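Look at the two complexes coming up: chain A is in both, with chain B in one and chain C in the other.
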Partner chain A sequence: MSNRILEVSDLDLSFTTYGQRTKVLHNLNFHLDAGERVSLIGQSGSGKTVTMRTIIGTLPMPPGKVENGSIRYEGRELLTLSRKQRNRLKGTGISIVLQDPLLSFNPVLTIHRQMDDIVRYADMRNNKSRSRSARRSHIIDTLKKVQLSDGEHILGSYPMQLSGGMRQRVLIGMSLLNNPRLLIADEPGTALDVTTQQEILNLLNTLVSEEGLTLLLITHNLGVVREMADRVYVMQKGRIVEQGTRDEIFASPKHPYTLELMNSVLPLYGDKVVDVADTHHEENAIEIRGVNKIFSRKIGIIRRKTEVNHAVKEVSLDISRGDIFGIAGESGSGKTTLAKILLGLHKPNSGDVTIDNQNLDGFQGSTEFRKTVQIVYQNPGSSLNPRRTVADQLKVPLKFTGFSPENYHARIEELLDMVELPRSYASMYPHELSGGQKQRVAIARALSCHPKILVLDEPTSALDVLIQNSVINLLHRLRDEFDLTYVFISHDLSLMRNFCNRVAIMFRGEICEQGRTRDIFANPQHPYTRALLSSIPVITAEEERLKPVVSKAERDAVLTTTTELTD
Partner chain B sequence: MVAYLFRRTVALLLVLLGLVILIFIIARIVPGDPARIALGPLATADQVAEMRGEMGLDDPFLVQLWNYLTGLLQGDLGKSLLSSRPVMDDLVAALPATFELVLATIFLQISLSIPLGVLAAVYRDSWIDNITRIISLIGVVTPGFVLAIILQLLASYYLTFFPVTGRLDPGLEFSATKTGLLTIDSLLAGRWDVFGSACLHLFLPSIALAAAGIGQVMRITRSAMIEVGSRDFIEASRSYGIPEQVVTIRYMLRVASIAPLTILGLEFASLIGNAFIVEFVFSWPGIASYGVRTILQKDLNAVIGVVLVSGIFFVVANLVIDVLLGFIDPRNRLREGSSK
Partner chain C sequence: MNDGPMIKDETVRTLSSGQMAWYRFKYNPSALVGVFIIISVIIGAIFAPWLAPSPESAGAHVDFLNRHSPPSGVYLMGTDNVGRDIFSRVLFGYRVSLGLVVGVLGIAVPFGVLLGLTAAYAGGWTEWVIMRFTDVMLAIPPLAMALAVTAVLSPNLVNAMIAITLLWWTWHTRLIYRIAKGQMAEDYVEAAKVSGASHVHILFRELLPNCISAIAVKTSLDAGFVILFGAALSFLGLGVQPPTPDLGTMVSTGSEYLPEYWWEALMPGFAILYVILGFNLLGDGLRDMMDVEL
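== the complex of A and B ==
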């Protein structure tokens, strides 16, 4: 019997840093048979990536050290192989697709240079030799496998010239160049928009069935696992805590950690969905009328030509006081530009914005305006100043909105209470706080001068799922307590379903659909909304059934696929 | 790429024009009458007035500037009061020696600092790293003229095969006529003895001049290499089985060289200034002695000429670096001229 591709048994691994030995993998046992799709799931820090690097052989040792156990590839023990023999397997036996399709390319070399190197050095290791043009045609054939037909054009490009989806395809093509048997994919597509991710997952599935690949999928996204894996291993803190077929794991998870993971996934449809009630305020907090924003940039030798990007087109919205208004869209849809217009950071080319019954023109930049609208950014790690204490950061907006200095202290304590942080945190620096705590500080800072409206720009996307939910609960509570209005910018529709009472979907600068969250999700009208909803990976069969069904033709009508060069 | 080059060149010319105008203004503002200085204390007031007319000093300022600029375009920098020869001729005589010294310095800086920085990064925290760290610290903290004197002392007592003054052994008969650079002209003429002697003479002054830059750029190369080494695409290249040496040179160094090259470009700015001092210590027959004398004597035309030469050198060196960076990093040129 030789259809066992990879077998990891009793693997223990430790790291030594500054003389301290820490065990990171504990008695790891798992295997993959030929043609199987197996998934390793767990949150960040669970040891998934270390496992992957140990298998492929790029983990630096020291500081890493295999204490015990074995890794067998097609029956051969990998850990005792010589360096040379081990290197021979890289890319040819076992290959990988790394997570981020932009960061996985060398930014200063053309795609051709990078792909050609992979083929050339693999040939050298295996004592083959091919001419440059033979290698080139091999590369172009491989690109066809990932459904990229315009290979010639792609090879001459630099990574930055390709779209995200196309880069991910090229990256998969790269890993396939030397016909590996085992492909390890680290979070494939999760750095991309959901519709593009869907395409990439389909592609990987096709490759497994057509090219006879075996796939080890490393991810934290249970929705992806449900669509992609035959068998599942759940990993927590370097241990495999549960294993089984996909159906077993999803139908009856047993280990508490698996259950916790399952429950933390926000439902898109079904009974568990939280409907957020309207607040029945009649007056509008924000009125947007026919707003356009055009970015232009001078290009060419003497900068006479102009490149125009119509980022926001004829957008009109009414946001009532007390609303949690979601603006959804993929990257480049104009949602961030719209948010910046609301904050007075961009001036619209035409149209009117009224905030709290005052026209934004003239209102923006005043102290009164700052007391009305505030923002919470996506990544608290970079939106907080690392060299200032929490108290110092909270003081900044107080200073600029005319608070008297003797009240600072009391107000800071009050703010920390509001976001459920201990008062002693006032003297801490951001690096002493966890991601969720940092975001709470950022929220406190936004609330410090009693704003009426908060713009939330993906406030939870930098956080782990479990922490995400607690921040969302906090935001809900604060809205009720202080009668706030939220404008919530996100690409995460599952989150939006459970957090917003109204949503607008943006598509290429336009609002293609808006209304009450429940109605939009139950009965999406615009083809783009339908395509978007259908692309979201979900974790139960019930949700799968309730998602809109979109035919390929319908999908292609609104979405440009990532297989074509767009410019 | 063409558009990028074009734009950089236009910018360069504008910078030079600004530089000329600025020095010209300064030269006219500083107190002291050039005509009086030229004629000496014994000249009569009439003679001075006549001289002023001859030198065009009585014309309105803008006219003087215009005359100077049009002269400059024809290669006329005016007359040196000190040597009574055209400034251009003086510069052409003194420049090649300095130019050769500066080129040798740049060559040393590039060929030592980047490889040593790479070695220090690859063998991080090993003895190689420690030795390069000490070298770079010494280089950075020692002023060029101190190092020049120390090297000269060492060469006088211990390393006696290194000559301590001049460009060439006194016994050798050779005149560099083609490029003015002894090393290159001697090679072109096939005179190996001259070439060897010229290289030995160049060695100590250029080390003294290069040390600070080497130390700084080496450290920057090292940290850039370490930073790039931790990026995802390096992990990816290794996983696809690309040999370690290729990963280091082609994949890491190419990205990591951007920061050190930029710093090198700035380093060039101080080279000519430092060369003044080093040339003095080593009695190098370059532009330094000329420059110092003209400054002390308020020989304004010559001062403008010397400053212009250093300006041109700095701006051109940075253009070369910019073009090199555009070549190494496609993001520079693609972002600028994406006219697809």
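== the complex of A and C ==
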């Protein structure tokens, strides 16, 4: 078969760590034909990334070991190739786009230097030689392929001077420099905002059709798969449990794991959407009036300039008691700053915040305040101290809100019961727990001194979808049980649709739209909200139909493009 | 970041972090050698009066009949210019060296760690003052400082210890400052503040536990250098005064008889090498085991 690009057959792989051998890939079989877009999906830990690294040959061996099987690229066996022959294929045969556009660059070298190195070393490996200027024009041509027309300018920049979306484009450009036939993309755009991700996905699609590339897409996001793949392989625990064309998989998933994955994706529109009812409390838990927060810092040594960042502009909000109030926005929109103002960690430059009928000015810092507002952080890995046991960490708020020490033990057990963790977990350290369990501990800590309001700062974004849903259910239950008010901060609009009864959309420090969740999603008014909603990858045709349609002109009017240098 | 291959076969039992650390340590031959050396030195020092073939050599003993005897079955490391058994003196010399380590590090480490933690946590002016003072102390050449201190006071073991201590805390301040400063950005510190935790709580319960492994590694690496520095002072005549046996003094005295009576300088020199090697191997082993960067 001449057009088979990659064929992996009967691949078994194991790792040896601490003297124990663990099999991580079991009898893997899959293939890609020329021009195909194939997607490998699964949760974290399913072996997707290991598979990718085995294919490109960057998996450290040992501890890894291929036990069995073969990987063929255009009919050539890769696993038995010498190091040198294999390196020759890198970039020219198989190329890769990594997940994080910032970590993939060396921050102290210009883009030109980094791209030029790739061309130069590939030339050396393939016994070609080109002049510096020939290489440069080749690089600029390649950047045009990723729709970066201002190549000259970009090449002179450092990675930090480019926006996230632009870095991702440059990264894709880098992988195309040596005209590969197979492009492997590992979670492309996942680290970016949803509107930017959309652009990146479109770009990859264009490249496949125009450059005749073959694409292997590794992702956990089913919405992305629906837009990007012709065929799909579903991986679970190192095995491929289901395969088929995209339409087959989405229309009639057969394996229980695939079904579970499908069901865990929260719907944005349609019948399955859960409407969260308003609670009928009249009083406001939080009132925010005309709040501004300006960060300024002095830069330079001799002629000191002041760099000003107006993070929150004239924000006014009313949050009723019992609300699950969502604050949505992309990174840099000021949503986290607003949350920190609510917690008294930042002082607003102007405006008033009233929490539980008390002005924040005199209220913050008091024990009473701590018993009113608490926070759950985004990343349980960093919000729990790695060197302290669960019980120790739950004890901290108790100790400093005047709980009597003889009641600590009983309260800790009560808290663990509340978040559905076994009581024996009290003596464990965070690294012994899974991500979801850690987040439960963080929730328990926030609840330990009976707060009335919880600020949830992206509480599920570090978790897998399946675990995310269980945490969300827990939060719903706790709200009903303890009559809590949630301020939910997130960039995940699908989650917000199903979790919040009211939402506010933040855009560059301002609230551009707020109201009941159902109304906002059904009839978004602000062009930014429309652009945001239209960018979300969804998994059914029905949702696709119900999403707002935004023209390119409309989109460009509110969003900064990732194809041109600003400033 | 890659997600990591965290799939386990059902039969595999999960290792606790303690077991993993022990595994790393066990399969690190140099660390084991280091532990063996340190233990042998400690035993030798504690039981010197019983282990030494001639305990009286530790003092102002004179045996002119046997002076300058080369290493042999009777005198493992030979004898010195007044006929004292060098091996016995080395064992007693280790007592002085280890005493120096305990004295210096026992004061310098807690002091340095406290300053580092305070600077990182307090920020602002406190941070500026502490860290600039540390920088100033770091800028003083160690030997010049030690010379000054021992010259002003009188040259003896205690003053040498004071001189070394005055210099040593700075490294710990810088190290802990850096680690604690990194932690200040972590959410758990903010979470503790939101919970109303006191300053003392955050310093010693939240920040300090995360510095312990770095402190342990740094301290064990330091031990070797403290011994070396102490020996250097004694060599210059600023440390321990005769007839108390000290490795540095022995090298110094022995060097006058080089090269004919080579063992008199070389054997104490090897003894210094041995113990420093031990501490360094141990320190490297701990570093691999606890996975810290210095």
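FYI, the second predicted complex is superposed on the first by the 562 of 567 C-alpha atoms of A that agree within 3 Å, B and C clash if a C-alpha of one lies under 4 Å from a C-alpha of the other, contacts with A are read in each partner's own complex, and residues count from 1 in each chain.
In this text, a contact is a pair of C-beta atoms (placed from the backbone, for glycine too) under 8 Å apart; a residue touches a chain by one contact, two chains touch by 3 or more.
Here the structure is a predicted model, which means the values were calculated and not measured.
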| With chain A superposed, do chain B and chain C clash or fit? | clash
| request: Considering only the touch criterion stated at the top, classify A:G45 as touching first (chain B), second (chain C), both, or neither. | output: second
| said: According to the stated criteria, A:L109 is in contact with first (chain B), second (chain C), both, or neither; which is it? | reply: first
| said: A:T367 in the overlay: touching chain B, chain C, both, or neither? Say first, second, both or neither. | reply: second
| message | Just checking: does A:S383 make contact with chain B only, chain C only, both, or neither of them? Give me first, second, both or neither. | response | second
| request: Scan A:D100 for contacts with chain B and chain C and give back first, second, both or neither. | output: both
| request: May I ask you to decide whether A:N87 touches chain B, chain C, both, or neither, giving the answer as first, second, both or neither? | output: first
| Where does A:L79 make contact in the superposed view: on chain B (first), on chain C (second), on both, or on neither? | neither
| remark: Only chain C stretch among 6-14, 78-86, 114-122 or 222-230 with CA clashes against chain B is 222-230
| said: With the touch criterion stated at the top, can you tell me which chain A residues are shared between the chain B interface and the chain C interface? | reply: 53, 99-100, 103
| message | With touch defined as at the start, can you tell me which chain C residues reach chain A in the complex? | response | 1-9, 12, 15-17, 19-20, 23, 186-188, 190-198, 201, 205-206, 209-210, 212
| said: Taking the touch rule as given, give the residues of chain A at its contact with chain C in the complex, in rising order. | reply: 15, 18-20, 22-24, 44-50, 53, 99-100, 103, 237-238, 343, 345, 367, 370, 374-375, 377-379, 382-388, 392-393, 396-397, 399-401, 429, 431-432, 442, 445, 449
| task | Mind listing the chain A positions that touch chain B in their complex? | result | 53, 56, 58, 87-92, 95-96, 98-100, 103-110, 114, 117-118, 121-122, 125, 158, 160-161, 174-175, 177-178, 299-301, 305, 307, 567
| request: Would you pull the chain B residues touching chain A in the complex into a rising list? | output: 2-3, 6-7, 231-233, 235-243, 246, 250-251, 254-255, 328-331, 334, 337-340
